[in-house]
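In what follows, subunit A forms one complex with subunit B and a second complex with subunit C.
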Partner chain A sequence: MKNSTLVIFMQLTATVALTTPGLTSSALAATGSANKTLSYALSTEPPQLNSLKSTDTESFFILGHTMEGLTRYGKSGEIVPGVAEKWTMNDQGATFTLRKNAKWSDGKPVTAKDFLFSWRALVNPKTASEYAFIMYPVKNAEAINKGKLDPKELGVSAPDDYTVKVVFEKPCGYFLGLTAFGSFMPIREDFYNSKKDRYAADAGDLVYNGPFMLTKWTHGASLALDKNPNYWNKDRIALDRIDIPYITPDNNARFNFFKDNKVDLLETLNKDDLQKAQAERLKMKNFADGTLLFLEFNFRDKRPTANKNLRKAIASVFNADEYVNRVVGIPGTKAGLGLIPQWLRGSKDLFRKEHPMAARKANVAEGKKLIELAKKEMGVTSIPPLVWLTGDTPLSAKEAEYFQSLLKTTLGLELKIDKQIFKQRLAKMSAGDFDIVAAGWGPDYSDPMTFAELMTSWNENNRGQYKNAAYDKLIRSAQATAHATTRMTAMADAEKLAIDDFAILPLFERTKVYVHHDRVEGIVRHAVGPDPDFTMASIKTTKQ
Partner chain B sequence: MSQTFSGDSGVAEAVKSSDLHPGTGAAFNADDFEPAVRINRFQGLSRPSLSYWSDAWMRPKKNRKATVSLAMVVFLALFTLVGPFLWRIDPSAQDMARISEGPTFAKTAVVIDEAASWTAPELSGIPAAPTASAENLLAPATLEADGVPSSQAVRLKWAPVTGASAYAVYRSETKPSGKVGTSELGVPIGEVDAGNKVGYEDTFNLERSEYFYSIVPKNGEEASKFTTLRVVLPSTIALSAAQALKSDIKVGETLHLSAHPFGTDYLGRDLLSRLMSGARVSLFIGFFAPLVMIFLGIVIGGAAGYTGGRTDNLLMAFADFVLALPFLLFMILFKIAFGVGAGESGIFPMLVAMVILSWPSSARLVRGQILQLRESEFVMASKLLGARPIYLLFRHLLPNTMGVILVSLTFAIPSAIFTEAFLSFIGMGVAPPTPSWGSMCNDGIQTFLTHPHEFLFPAIFISITVLSFNLLGDGLRDALDPRMRSTS
Partner chain C sequence: MLKYTLHRLLTGLITVFFIATITFAAMHLVPGDPISGAKAMSPEIRANLERKYGLDQPVLHQYKVYLTNIVKGDFGISYTQQNRSVNDIIRDHFPVSATLGVLAILIAAFGGVIFGSLTALFRNKAPDHLIMFLVILGISVPSFVFAALGQYGVTELNRFTGKDILPVGGWGTLSHMLLPSLVLGLGTMAFLVRLMRSSILEVMNLDYVRTAKAKGLSPMRIFLGHKLRNAVLPVITVLGPAIAAITTGGFVVESVFAIPGLGRYFVQAVQQLDYTVIMGLTVFYGSFLVFMVIAVDIIYGLIDPRISVAKRSAV
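Coming up: the complex of A and B.
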């Protein structure tokens, strides 16, 4: 989850220089009607298509179309059979029965061994996968990843070529969702070994078992996916080709590609695009992408933000409505309430409905009192300037300036805005080189645990190093059972602890507004899983 | 410089003789033997004297471009120095109710009470989640605003649609064409997730005076039929916000809002006051960096030119070396070396980098001039008469290079302003919230297509400033170069 989380802030600037690739023939295909080709533009090139090492949304988008795990995500985000035909699951483990007609793009069958190989490789410390922890619900995974056990000891076995048996370390109610996740994709051992370091380096260095295959990959410029003729469910795939003729971080350029009919989908519109889109009379849709954006405070020693009253003062002057409506300015955006976003399901209903949390009201007078209290506790007459770490996009700069003025006028706090590129920001977050960081977290699987685990003391992504023994204990207890109500209650209690401690200040739950051309139908947006999902898309046949 | 005298050639006029009596030869009287009165009538000036400086002043006055640009420079100086005293709006004060407003001069708003909380009407007797296919859903029979819409909130309520399990609310700035297929209803502003909830409160970024709301019934998919309502929003302000501006204001009264002649930016900050405070940064860099740089240039160039020989060679080789250093890299290095942390202004390292890396060009100019003057006759004469080097330098050499120096100074100013703008544009200059013209351009370019004023105003100011200084420099060069005199 490491990075699917943080990619968020890599929203695209209009100032980045754009190298416009020439008009390729495939780009023109978007306007053809008989052609079953869908065109799309990516904001960045997928950095890593080796599913053992991928961590970002672009890579998981490609992998979600070219690979298939035991299960996959359906139209409304539900789990549907993938390579596995059927399965049984209980608290101790799960057994998956693989379909016999699942094939790799070179015609060889997909077998249980392919899963065994990739799962063991994922937790192998030699692979050094950033996503190894996602396998931890499987028996011995953590011990293997820490180098204490041999990868062969992983709690997965293949009694025959078409059965995968999984033994859990602890009960894991959301394990099915994990099997659809990018890191759980199968890899064929013989192919992987034949390519060695070249594996997934180019279109020809991968073998695919998903609905599409990567057939063209001009690094930094374009990609093309063609329908996989050996895919077991190929009759259900309506598209012949997904063409990605443009890779550009420039939002304006992508908007123009869409306007000029060169791409069929514009994945997200920013605040200022909304007016342009209205002027162009585009049909806008919105979808909540599941990401929570929040302020993370630094709890390390000697940081002013380690003082609770200071954090509370900041929280009490924050006006969520104004922020969401005026600064973020994307309709449908929800003000953040807690650590666990409102779209996640609890035991029966939505988690937030089962465990409601009151919206916070801004109270400047209280904030002023609290800041005086904080100064007294810290023994200072004025609080030193706080370092606000944020991304280098225009939006994050605006957000930072909004807070800079807000905290200055209400609390008299000075903010130093530290804008960093993504990698550098990540490094500074890990090093604790900040007081407040504007962070975001996207879900890996559809369970509140993907958020609740974030603030535990052992989580690498708890960048502020918030430590609360009671919180850790509650999360441990939630992880030790499969009983839904117990788990949800424990997570809700833990969440309340973190929020009352002001470990984070939830800002908003992100919504994306997007547009697509009428000729395309069935584009699915997922909060969890590859997004956007074109596997169910089709091209309308139009009369000419 | 030599002065032009009117009158005859230099010598005194012929002596006025007393009466001569040619031809007589004999008649002399005593008077004739008085010594002749020597009348020293020196040459006189028939026109007022024209000094170097008055000539230099005269010529640009005739040059229309130079005069206009000089006026512009004066205006900019006033804008920067006096402006903030006249236009007293805090450049970093944010007004979230007036984001990205175009130029406004007289805006009023009616004070209204704080919006009481409102919940959408929920009807009993209608199933919240019925089952009907989306194609068969009808449009809501009625759609109206609940209460008076204001720029704080618009509340809508509509008649329930049988079979709908949800309603999508769209908002458009232009009237939907009414075509079936709901392809242009505007922004999807929200959704009501039950068929029996027939109201929606819109508080999202209400900045226009007119909106078209469309309600589309849903059941899984959106229906193709919808109802649209035009809502006119009077300009209003909530009581608490109004009281912050004027303490004794009451609900129902009209409040005059502050004018923003250049509009506001993406956080509702006044652009005019931001331009003024941005000008301070831009012009400070624009004057200070060239001044220090020219001073360095004079010292080094003067020393090299005057001493000549080995020192000259060494200094000029060093100048060549400095010229080859990359500016941006050094700017970054200085930023680190000075310990300028994150979120702190990069103006000082920028200044140092500019001075350290740009003196060679002026040093070369000065050195060239001095080298030439050193060999000229009047300097030699002065030397022969025993003038000391310091005297020579300050009396003869430097004043004669003044023209070159001033001209290169005026050309360095726009380039310094431009460098600052560029560096702030790429985020290496000022730290927020301090504005500078360059950083304002950077912010504004994001919204250029929707709110062009945010980009255009700072860009225009940069262009005008750079242009005026360039034209002024041009005029000055003509004025200060004595060789140009005969042509004017």
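Coming up: the complex of A and C.
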């Protein structure tokens, strides 16, 4: 699952030490320290670094360090000024004032034209960007992407070199958060055109306006990011270098690199690693990475899961807490409540606090009654085996087996597990070739809408084709205003409809456990935005 | 000889053509496509991508374009690494896999011949039993277990000594290659030991060995000049395919030791259904294997004067 990212605020980085108390805030990195290099291992290499085409975590991680949009993500995921030093926003649009001292790594100034160029290119159908949709809140973006209008018609203009004016298609309450997202980064037209298809293919094929520059990229092997001497805020950057000496998907290997002191951070520990880390007495921290995992039911004709009582029966026998402990087994993992995860903010406080949702209790007796009801409604004496579509990870297998035995013992339901590799699973999901699919969703931006829109009838990611006119109407009304309370209330009402309809069964909100060496501090983790974020990290000076 | 070689090369080319065609068909039969991602796309965005990659064209047309490009030596641009050509990927990463593979094969071949001879010489004695026990381990334990164990061992060793005795992973110097190539060669070595053992035992009691003994040659000369030279032939036969298998099959070892080899790209390409990379690497590897088999057949003839490849081709 690609955790494409963007965030506005939230205290995700509030870390919890699991074994021993957390880091004590001792000396900050002092200037003049000889080695201000942080080392890190990537699981896969970024496919390329053209922000118009990036969709994956690794690319957004590198771009978040080497590029800067109008805004950027702060320590707690809040939006802070980037190339723009100030802005004004209303229902119709936004105006950003750019700082005059923002420069590209070759010394040329960053101007409004660089934003105009990349934003227009993103929605240009010739670019064929997968993330073009993220620009749709801007006027005419969708029409341009569909080939109906010229890219020049995009609702963005530059009255002068240091002003970016945006006109919205419809009010967009979360637009500011989007401007920090990778797809909204500036690109310099002259440089882009000079590189043609090679743009961002190698370290020398990019020009940077962020805190770091990619200085080395040996494909498949290693990367290195050095501090950008032309970055306007370079005095706030404590690291001289981010070294990525290893790229490997092997978790075990990355754990060994960490033990061997070759990397400073191990960004995620799986269940097996946890025991090893405990044995090593490593200080573990955790954070919610923003992803919600859930079961999606198939609502297409003739699918048994189109029957509400069948879905309700399955939900009745499911005990989320037991599942989180026995199957997921990552400390700090929250059982899923609704469609909108608990880390997202509402109008003033956390969305979930403003719109509480009671945890569902398992009730096997009720489930048994419901399943009989479902059989009667379907006019069958026994329900045919349900097709459970899932991925090929160890967790998917464990999860499938858990539900197989749970549904068999409580409801007498048979599950036929269909384990598929990534692409085949996608194809089967889109084709509706399943009854239940173990799915997940990572946020594109930090607003409940990134989740709430999922179950609308027009969303291609609604793979079960759940359709509810009342739900659609509520979401449309939330999208028609930038007024926070109105939007949040509409989304909360919609969420309640979907949950009461058992459109999905929320399983859990993913938590990642990570460890880092004591010599580093200030590593920030984001649910939305470049993760991990080293722009605020520093190396502690040690007494010799 | 020349005629034979040309004949083999021609059949080799036909084989490669079939490999390309079957891969193309299989790839398009599998559900899914290279452009779909975890997040579904709107039909417009999808259409934009399909147009860009020519996936909106009929499959037969794609096949034609594809074959024409292969003949020109152009495997196309990767779908996942959108601005790298498959030719770039092969050029950058095959040398790494090949270096690793050649080292592994050297270790395997020398180890196989030496240990295989030892088991034969000490037949049914302690060294034989010990080596054969290890051989069974080597054959039955998959390489990822050896890789993980080896890496764990080195990590602990470095920690225990407080020095960097051996790198835990990465690529660049000979010390980086040592452990991975040993791990990679282990399975083949075990196989070769067994082959070598039975092969030596076979020639042990043949007439020419007895004659050599009767002539009063020293045991060492008999072993080197008569037994080994004849017994090593089967080893050379399997070496060709083994080189290809090792050079192409290093995915697990490459990923454990974070080595930028080609194997990893191949596996990733299959998972991502990256059509151009799958096709390019299959054709490349296919040609490599075919070429290795031909090369070994020719070398075989040179080593063993009893076999005349030219004559065989006339049949």
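Going forward, the second predicted complex is superposed on the first by the 509 of 544 C-alpha atoms of A that agree within 3 Å, B and C clash if a C-alpha of one lies under 4 Å from a C-alpha of the other, contacts with A are read in each partner's own complex, and residues count from 1 in each chain.
The rule we apply is simple: contacts are C-beta pairs under 8 Å (C-beta built on N, C-alpha and C of every residue); 3 or more make two chains touch, one makes a residue touch a chain.
Quick caveat: nothing in here was measured; it's all calculated off a predicted structure.
Quick one: is A:Tyr199 in contact with subunit B, with subunit C, with both, or with neither? Answer first, second, both or neither.
After superposing on A, A:Tyr199 lies in contact with subunit C but is clear of subunit B.
Once chain A of both complexes is superposed, is A:Asp493 in touch with subunit B (first), subunit C (second), both, or neither?
neither
Applying the document's definition of touch, where does A:Asn145 land relative to subunit B and subunit C: first, second, both, or neither?
second
Scan A:Lys423 for contacts with subunit B and subunit C and give back first, second, both or neither.
A:Lys423: touches subunit C, not subunit B.
Contacts for A:Ser405 in the overlay, against subunit B (first) and subunit C (second): which applies, first, second, both or neither?
First partner only, subunit B.
Name the contact category of A:Asn252: first (subunit B only), second (subunit C only), both, or neither.
Touch partners of A:Asn252: subunit B and subunit C.
Taking the stated contact definition, name every residue in subunit A that is touched by subunit B in one complex and by subunit C in the other, in rising order.
Residues 252 of subunit A touch both subunit B and subunit C.
Which residues, counting only subunit A, touch subunit B once they are in their complex?
13-15, 252, 272, 274-279, 281-286, 321-322, 325-327, 329, 331-332, 385, 387-389, 392, 394, 397-398, 400-402, 404-406, 408-409, 415-420, 513, 518
Within the complex, which stretch of subunit C touches subunit A?
By the definition above, subunit C touches subunit A via 30-33, 35-42, 44-45, 48-49, 51-52, 77-78, 80-84, 89, 92-93, 148, 151-152, 155, 158-159, 168-171, 255-261, 264-265, 268, 271-273.
Residues of subunit B touching subunit A in their complex?
Going by the criterion above, the answer is residues 92-94, 96-97, 99, 171-174, 177, 182-191, 203-205, 266-267, 341-344, 427, 431-433, 442-443, 445-447, 449-451.
Could you pull out which subunit A residues touch subunit C in their complex?
1-2, 4, 41, 44, 47-48, 50, 53, 55, 125-130, 132-133, 145-147, 197-201, 218-222, 245-250, 252-253, 256-257, 259-260, 262, 421-424, 426-428, 430-431, 444, 459-461, 463
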